[in-house]
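Naming follows writing order (A, B, C and D), and every chain is counted from residue 1.
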Amino acid sequence: MTAFASDNYAGVHPAILAAVAAANDGHVESYGADAATIRATALVRERLGLGPEAAVAFVFNGTAANVLALDLCVRSHEAVICTDVAHVHVDECGAPERWLGSKLVPVPVPDGKLTPALIDAAITGAGDQHRVQVAAVSVTQSTELGTLYTLDELRAVVEHAHRRGLLVHLDGARLANAAVALGSSLEEATRGCGIDVLSFGGTKNGAMGVEAVVALRPGLAEALPWRRKQAMQLASKMRFMAVQLEALLADDLWHANAAHANAMARRLAEGLAAVPGVELAHPTEVNGVFARLPVRALEPLQAVSPFYVWDAPDVVRLMCSWDTAPADVDAFVAAAAAIVADVS
Amino acid sequence: MTAFASDNYAGVHPAILAAVAAANDGHVESYGADAATIRATALVRERLGLGPEAAVAFVFNGTAANVLALDLCVRSHEAVICTDVAHVHVDECGAPERWLGSKLVPVPVPDGKLTPALIDAAITGAGDQHRVQVAAVSVTQSTELGTLYTLDELRAVVEHAHRRGLLVHLDGARLANAAVALGSSLEEATRGCGIDVLSFGGTKNGAMGVEAVVALRPGLAEALPWRRKQAMQLASKMRFMAVQLEALLADDLWHANAAHANAMARRLAEGLAAVPGVELAHPTEVNGVFARLPVRALEPLQAVSPFYVWDAPDVVRLMCSWDTAPADVDAFVAAAAAIVADVS
Amino acid sequence: MTAFASDNYAGVHPAILAAVAAANDGHVESYGADAATIRATALVRERLGLGPEAAVAFVFNGTAANVLALDLCVRSHEAVICTDVAHVHVDECGAPERWLGSKLVPVPVPDGKLTPALIDAAITGAGDQHRVQVAAVSVTQSTELGTLYTLDELRAVVEHAHRRGLLVHLDGARLANAAVALGSSLEEATRGCGIDVLSFGGTKNGAMGVEAVVALRPGLAEALPWRRKQAMQLASKMRFMAVQLEALLADDLWHANAAHANAMARRLAEGLAAVPGVELAHPTEVNGVFARLPVRALEPLQAVSPFYVWDAPDVVRLMCSWDTAPADVDAFVAAAAAIVADVS
Amino acid sequence: MTAFASDNYAGVHPAILAAVAAANDGHVESYGADAATIRATALVRERLGLGPEAAVAFVFNGTAANVLALDLCVRSHEAVICTDVAHVHVDECGAPERWLGSKLVPVPVPDGKLTPALIDAAITGAGDQHRVQVAAVSVTQSTELGTLYTLDELRAVVEHAHRRGLLVHLDGARLANAAVALGSSLEEATRGCGIDVLSFGGTKNGAMGVEAVVALRPGLAEALPWRRKQAMQLASKMRFMAVQLEALLADDLWHANAAHANAMARRLAEGLAAVPGVELAHPTEVNGVFARLPVRALEPLQAVSPFYVWDAPDVVRLMCSWDTAPADVDAFVAAAAAIVADVS
């Protein structure tokens, strides 16, 4: 199967698998006291421009990274502004509400992106004891709609949030794709924009399963080790998670993987845009293509290669990953062209 | 390093690592819809004597398995009886209280084991609206003190709990070690004793990181998929977890690994028991040795090979794992003999 | 001060205060085992057409009644559809999210009322493990905007919700006002429409402070005594709460109080509607008047008699209560006419 | 009925009922913005020696006061040391675990009192990410066993807790009885001993139903208004709660009520101690008598006047309240003497 359903249909990059295998060398300390975890933690800090005291916690998946990151920002009577397509709001089965006890304040957006004006409109009831108090903003970069904040846009959002007394969380499940597309370093894309806490994604970037919660702002995260454990996110054999991130960061594998996925999405977008009857629903700025197809074309095309209908009835999401082959893209475009022609 | 600190200082069994590598074959469905997860789920059911409708959910670690298993048994005003050395009570940073909202009722035990009489004594306030209502019992098999319930003992506890209207959870982080020691199948050790919900452990048995929540009693777990997701325990690339359990179960690797660890612990216990000045603190029934040593011997001996002081000042815990070598054991015993003689 | 700010600026009806005083007669059982609580509970059941087994729990305030009522309907991975002006969503400082762990799904409405079509549109992701599962609908009768569901409208919403497998909660903080306006009994207004769980309001109807959670549908509420206690809502000297509800129900004081408040609102609405430059923002169907006034009139008029601006900049809410005097209404209308003329 | 079952079987002191009635004077601001609440808050601060910025929040019952007070002290991964007879541990249906998400660490005590040594023994796992982190101590004054900390004892506990980095909560449901017995002011009994947060009890002292959460230590409680609201503890017609506390404090009614209850308990204790076959189980230091009676005497004596068996089979608790009459005490003693003689 070659799928465009999700960037986590893809497997593990061979270099990462090799790192996992290499880590399987006798006894080491468990629960993160091992040398690999120490090395990987240092590497994360270095790439994000952080000092040795910055809190970094490896966790199992993106939901946990987001929830624990937000846990550093809000108490239960405080609320989090996000977009109405945010993963934290839509796709985490209410984990934020359950763990944080907090309300999310979803803001309808056409393009997956918050703005200072949208944030202002979403802050209501400040100081009123009957109302939840907005205390944080969660942005996703790159967004759930395959779009990007420019560095200026992101900086503007963060600076505005800070002016309003809010902390800013970045859901970076696809931060690598964003940084590549922006031509920036990981640091420039996060700390450089003033982000306070980060969900740093590894899994969609070619890892087997690892994400990191990173406190970019000092002073938020002394309790993070206990918060992680209580949130059931402390791995016993953590070396096998740590080496995945190490492998991604050490030789800029993260960059190569993301650059490839982005390039494949561009190729796919260009191919599909040229098919009569198909149009792009959002700009293709990273590794996801959102396209509008004739409804009758969807099922036959899904039989060729699985993908999700994103906005019923006719907008589909096509994700490319580190291992998407140009030939797969071209075959899919050709199939789309044939099927769309057929049903039109 | 050769450590007796924990069975999760050990790495991954080569067959499991090979299974993980073999699973890295192109695109497959994410979040558990893949063939490997389906196969592994079926295998778990088969080995536990369960039908195809039985709920099985793979999760990341033992804390999550325990909490989600208990989540099938109690609501927040209901309480869980466990021992005062239970992992759920002592070593999970309050995750059960946090997630369940429930009170744990820890019962002091000398040997890690509950009995019908201890359960009776721990049930108080039944029917009283001011008191939490005991609704479940959590037992650990093999126990945190390296001891074992016989099948008769476990059956007696379960039957008694059922008579009192309580569900029974088994924390089976080391279920494999227990079943081997009991000479029983996994089914006999769990469903055969009437257990209602099971935390089925893989990680300490040679896996990289996978546990399963299994509902042995029908009707408890229709909501388990959502409970797991909301508890931040749904893996995207789940195939890599599933194949670990598959590898453990398929050729009875679980049995071989546990049998080896148990044998090494026996060897270690016998060696230490013969050292003048050392005595066993608990019977060595599975893969852990609890021994009392002269206090002044501890630090020098920990420098030889790391281990934990379990009950200060002088009771230590020494865990053996699937990869503990006889020579490691013998060297440790020899070192212990020398050091103890030296400090006496 | 005569205020139109809220129906809880009003004090306690003399008959209720007398009942409280009369209840102060020596020692009685605490925590609801007293005769007054038993009588009041029976009266609530009778007025709602319920049998002696129906669960009724007196609680301290409306937020608690709503949260505990919803607690009978959903688990944390399940969601509740409500309107975007619902008290549970807007004015309870996130208590539902905190206590239930659940997501609320607010639906924008112009008139405070849900419909079958709106419910259908709000149900998304059914069966998807990544999404919260809608399991209940919360309606407010009369609504936060001073409007009413007709019995047919409410019945249609409930029947549709039931067809979709959802339970229905009615926030009846102003149920008395609604029943009076509908010309229905309390039973017809609730159980007669198929409502499953009810927040029955006393405080805004002339009590000092008491609400009741009532399970109209059998089988939902065996655990309610413990849920209430754990939610910190069990009163020790409960007789003093119980007699308030008893006094409201015994001689249909609830009806007289609500009928008066509704009549005062009608008088106020008619008076204001006749003022040039003032218009009603919603129909005045119960005891609240929503009116649009010139912005410059608001502050001077609030100095005459306090009220809240409901929708900035110019829609105000004016609540009438059991003790609003016709002369107060007339004086307010006259002041409004003078001030509006002045600023125009 | 004259009962010794609980000090909340008693009704409301006439002066408090009068204050409630007097408060029923037209419209006032709701939710605590009214003059009575402002006055009562100021009075609480004054009597506790606090400045105008100190956080005081009136709540409905003792469970809520305790939970919200502890909410100022701990996060969910942090634990609270208390005694094994503490109300927070035994009689709140797990509300602390549910709301705080925290573990309680109950310490067995013979006399209801913690000591520095007991606190030290209960602090385990400090700094260990697998263990909950003890962050607070909860003491009850007077205790659940009718005993008292001397001011020196309490000060020693608090100072030791502070040295260990722990905050100290005082459950003062019967603080008035304690202060009277100690011959101290309310301030000396709390802030004077270094207490950080206080549950200040009104209900058992003759009120209808009101308690206060008071932050004695600055800086803990900026979020208290929202915490209270989210915990479903914000009263709409708060004046009726506030005037109860005002009436208790204004003319030292609190002192008279507690002094009377204490005196009646002393009279009861002396009377019972003189009955052959009866002995006191704990010293009678405030308003509760704990006595050991022949088992066969219990049921006949409970028929005379209700009370609870506290420690089965033969230790009973007899509570006196502001309205216990000397004749009631004498009659009970006489009945006890007769019944005990009869069954011996």
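As a convention for this text, a contact is a pair of C-beta atoms (placed from the backbone, for glycine too) under 8 Å apart; a residue touches a chain by one contact, two chains touch by 3 or more.
Just so it is clear, the structure is predicted and the values come from calculations on it, not from any experiment.
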| item | value |
| --- | --- |
| Comparison of B-D and C-D by number of C-beta pairs in contact, larger one | C-D |
| Option reproducing the contacts of B-C, where over half of them reappear, out of A-C, A-B or A-D | A-D |
| Averaged-CA centre spacing for the pair chain D and chain C, given as whole angstrom | 34 |
| Distance from chain D to chain A - Cα centre to Cα centre, in angstrom | 50 |
| Between chain D and chain B, distance of the C-alpha-averaged centres to the nearest whole Å | 42 |
| Contacts with two or more other chains, residues of chain A listed in rising order | 31, 76-77, 92-94, 98, 101, 129-130, 132, 226, 229-230, 234 |
| Chain B residues within the chain C interface of the complex | 31, 75-77, 101, 129-130, 132-133, 223, 225-230, 234 |
| Of chain D, residues touching chain B in the complex | 76-77, 79, 90-94, 97-98, 101-104, 129-132 |
| Partner chain D, residues of chain C touching it in the complex | 1-3, 5-6, 8-12, 14, 17, 20-21, 23-31, 60-64, 67, 92-95, 98-99, 203-204, 208-209, 226, 229-237, 240-241, 306, 323 |
